[in-house]
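First chain A sits with chain B, and in the next complex the same chain sits with chain C.
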Partner chain A sequence: MSAAGSMQLAERCRALSVTALAFALPVLLILVPLAIFLVYSFFSVDHGEIRHELSLGNYVRFFTDPVFLPVFRNTLVLCVSVAVICILLAYPAACFLTTLKGRWRYALLMLLMVPLLMSYVIKIYAIRSILGLNGFLNQALVWAGILEEPSPLFVFNMNAILLTLTLLLIPFAILPIFLSLERIPQNLISASEDLGASRLQTFLRITLPLSLPGVATAASFVFVLAIGDFLTPQMVGGVNGFTFGRVLYSQFGTAYNWPFGAALSVMLALVVIVAILLGERFGRNRGASA
Partner chain B sequence: MSARWHPSTIALAAVTMVVAVLLYSPLFVPILSSFFVVSHGQVDWSRPSLSAYVTLSGNREILAALRTTLVVGLCTVVLSVVTGTLLALYHHGRRSGRALLQFIVFLPFLMPPVISGLALLIFFREAGIERSLLTVVIGHTVFVLAIVYRTVLTRLQSMSRTLVEASYDLGASRWQTFWRVVLPNLASAMAGGAILAFALSFDETMITILVTGTQTTLPVRLWAMMRLGFSPDINALVALILMFTVLMCVLAAHFLVPRRSADTA
Partner chain C sequence: MSHNSDLLTLRGASKSYGAVPVLHGIDLAVRDGEFLTVLGPSGSGKTTVLRLIGGLEPLSSGEILLDGEDISRMPINRRPFNTVFQDYALFPHMTVAANVGYGLSVRHEPRREIARRVAEALELVQLGQFAARYPAQLSGGQRQRVALARALICRPRLILLDEPLAALDLELRRQMQEFLKSIQREVKTTFLFVTHDQEEAIGMADRICVMQGGHIRQLGTPHELYYRPNCEFVARFFGENNLVPGKLGPVAGDLRSIDTALGRLVCSVEGQPDLRNAAVGTAAFATFRPEALHVAQAGETENRIAGRIADIAFAGASTIARIAPDADGSPLLRLRLPSRIGGGEFTAGQPVELTFRPHEGHLVPA
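Up next, the complex of A and B:
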């Protein structure tokens, strides 16, 4: 009896230690840093020294200071715009992919995904040189007679950030939309055509509604990636393109206020969580696979 | 097939073309420039040359950063593949708390990298760990862990239970079953996960910039150089990295896409 009992106990101890071992690394390197980070957002800075006393000061500052809320709002508008433009470009591309057959479909999909793996810094640099005063875009517009002389409209401002983020993030919009379009059963489309619907009707009443979950996922992907980016705005935004990510990053550099930066990060995290939950809520495919 | 192309399909094809041009123009401009002489920041399209590649081979700073990136990438791959595989096995073994564990592992991948990076930065400071390549490797591992974990877990879940049972029936011990049945079946998923992890680590910029010490990886070095403007040899580097990336893509596809799907197409 007792031998069996101790065997069982040993077995449970073993299971427990395996669990502890499995959790050790993720908890130590992911959960603990995030927890410390959260606590930091309630600290403050006094003469360049971090004061380890809890207060809501950073959050009060965020909501009352006239600087931060407008930047926050502008950044939200910017990232929503990026998401919308990405989807407007990605949706037709994803539709086109589904009209292709077999190998071609996946080859083209791969082709549209490869730029994702290319060096991010170099892409930003190249886009900046394309948008710049002597850049390709201005030269082309002048050559086409649309502009009389090169315009500084496309670089070192909010437009530049919008264009650059869009260019960087389109592939993230293509993939989920393509996957949701691909999942639409072909017989639904055939049935709609058999019943005399035109191509437009079929698209508006069958394809579009069934692909909306993919659109929602794409929107949440692009938005989250755009709002978390602090390097792109830093590089192409100049002095006029100030985004939330840059304000946040500057707290850990020039402004040197880590606790306030942590509080800003918490606000960022909240927005991201809401965006992910919304994407998850509307991105779920309701019974289309059935 | 092309005979059936409707005007709307042609319009879609046109938009797709535009998207492809938009996606590839930031890659092709530097690559094209790498084969021409650049003087005073302007590309001289009438003078093709390979001088950019010659200059690159003598650029110590860039080559050192490239070597650092490769070392960081390899360490990240080893750490993340070992940890990710163990965690996937733990999850698959129907152990307690696996949903929570999965959630924790996915956190750094879901949250913006700036948050993971800053959290680690503060953590290292509080723990008294100097910022160095070690902290960069930890940052990268935390970031790519979810990918390796998910890749291996997906393979585990698609693996037939009967394989393991057959192994036990034939008298193999747990360890023998693991080494001779489970692991060989996971090998290609682990290889695919490793390549993805390496690709992500190779280009990781935002976490790296926050947790790096004096010695740093290529993207961060490029970032620092970009403020001053690039020298022409960077264009050559872009061309080489693109070729390398395409090669990695082909390899990853080779390991991750099941062979048979090619026939069903």
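Up next, the complex of A and C:
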């Protein structure tokens, strides 16, 4: 073999090892733990000892026990609601952002993103104190004469979880919607109006359809973050606000049933994967810019 | 073709962005049915003219009249004009048919009527079989034609075209020029076409409006602008014109002499009362086309220019020779000759004696 040939070979070996390394880290840190999880979900627990024998027992329990499926379903409904409410609130906000000019636009966007820099737990405490019996929300409603006395409607139940998750996750909805709106060329809006469309027609037929990819991305973001959350339900949900995340958490904590917890995690992961795929499917632009 | 009535009139139309004026009170009359090209370098305000007419931007002052009625405050979606945008601005989420039918469907025309007219419009631009495609699946030239069909379908009084050919390559641009022109003849709609390409303007327009620095410099037929420019800017803008500065001499009929570094030249002042009446000694330019220059024959005593061939550039059908006149202080002159196989009669460095006929020369105010 010639010298140049061996040089080339060495070069190729190095490139190959760099590539291998680049793949090794995610495989080691993400795929392997996931695989371990998957394997664990087929084990079982006997008197506090994990039995390393494969069985479908955990999955059978999930589908047959009357406790888990309703919680799972309720949690799905909750998280879809959170996503829908977030979108409904975030869309006008994002629209408003795009109408701002230059510096103001990004200043306001930064302000909307500031909550993301704060500690999650502190935010939940803050929201809990707003929603509580003597909280700001109740006081305001009583003051406005809408309620006669403070209502326990807003804390330690599903409503509280819904409100808190919505508040916490709304920045994740605003950002993708804003980006998709901002990416719509001004020319398309001008062309629509030039062809005789009113503002409303232009919005419904041009702006809205072209921003749907951002909406899909936002919805899948919010849904995935909401369904994986166990801390928020734990802190504002009380006894009534029992979500799948809490059930899952309890399997690893109090119940010490890792295999069953792993099986529940697999179910959750399946939902999350479907949500992400759906977001991806509808998040793609239907044609490149023309 | 007769263009009797004025369709659209701009009166004292001005536009400023903040403190920056881009259009200085221009007056322009667009005749019904004509192909009017607004020509100018970038920053001349030509696109602004189009955007003001289209309603994309409000006037700072002045007015726009349609059939004598002021429409400067009419909102964009009410104006009976449609625009073909530079980047076509096709709706990426709609098929070709939906794009073309958009203007009708927002007016709530019956579906069957829309389908019929969309088919008709696509037939006109020869895109019948592409109705179901999306814009991303089309080539540049095809998108261009979709944009044209989309603008035509509403039967506007005026179609505004904003450098629609700029993004196309040369060959396609030539084809589209012919195509646009033939469509315009067929639908008999008034076209207002903005471009910075003087060849494009000459090839397509019934009339050309030359703009510079927010002013209209000259408005006329391509022939008039080419042979009878009224200012230095227009004279330089079209082709590789020869301009020689000098001072006006006496008038003789339709001709007037001018004293330049090349000596006394005699040029036409036909149709230019200002130049004819200007005082002797006023600064002006003598202009003559590279194709008007020729080797002087015995007996041609006027406008004789002695010089040397500086260089020769073959440009396909014609060959451009640059001439360095013997006289000091004269710019290089250009001489255009039909190309011949095996080269021409000239070689670089060769001395020549050239001339142009007084009626092919032209005076332009300095």
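The rule is short, and it goes like this: the second predicted complex is superposed on the first by the 262 of 290 C-alpha atoms of A that agree within 3 Å, B and C clash if a C-alpha of one lies under 4 Å from a C-alpha of the other, contacts with A are read in each partner's own complex, and residues count from 1 in each chain.
Methods note: a residue touches a chain if its C-beta (ideal position, glycine included) is under 8 Å from a C-beta of that chain, and two chains touch if they have at least 3 such contacts.
From a predicted model like this one, the values you see are computed outputs, not experimental measurements.
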A:36 contacts which: chain B (first), chain C (second), both, neither?
first
Kindly classify A:205 by the partners it touches after superposition: chain B alone (first), chain C alone (second), both, or neither?
second
In the superposed arrangement, does A:115 touch chain B (first), chain C (second), both or neither?
first
After superposition on the shared chain, which partner residues are touched by A:62: those of chain B (first), chain C (second), both, or neither?
neither
Where does A:194 make contact in the superposed view: on chain B (first), on chain C (second), on both, or on neither?
second
Tell me which partner touches more residues of chain A in the superposed arrangement, chain B or chain C.
B
Over in the complex, which chain B residues touch chain A? Could you list them?
1, 6, 8-9, 11-13, 15-16, 18-20, 22-27, 29-30, 41-42, 83, 86-87, 90, 95-97, 101, 104-105, 107-108, 110-116, 118-123, 126, 138, 141-142, 145, 199, 203, 205-206, 209-210, 218-219, 222-223, 226, 230, 234, 238, 241-242, 245-246, 248-249, 253, 262, 265
Chain A residues within the chain C interface of the complex:
185, 187-188, 190-198, 201, 205-206, 209-210, 285-290
List the residues on chain C that touch chain A in their complex, please.
54-56, 75-78, 81-83, 85, 87-93, 102-103, 106-107, 134-137, 143, 150-151, 154
Which part of chain A faces chain B closely enough to touch in the complex?
15, 18-19, 22-23, 25-27, 29-34, 36-37, 40, 89-90, 92-93, 95-97, 99, 101-103, 106, 108, 110-112, 114-115, 117-127, 129-130, 134, 136, 167, 170-171, 174, 199, 224-225, 227-231, 235, 245, 248-249, 252, 258, 261-262, 265, 268-269, 272, 276
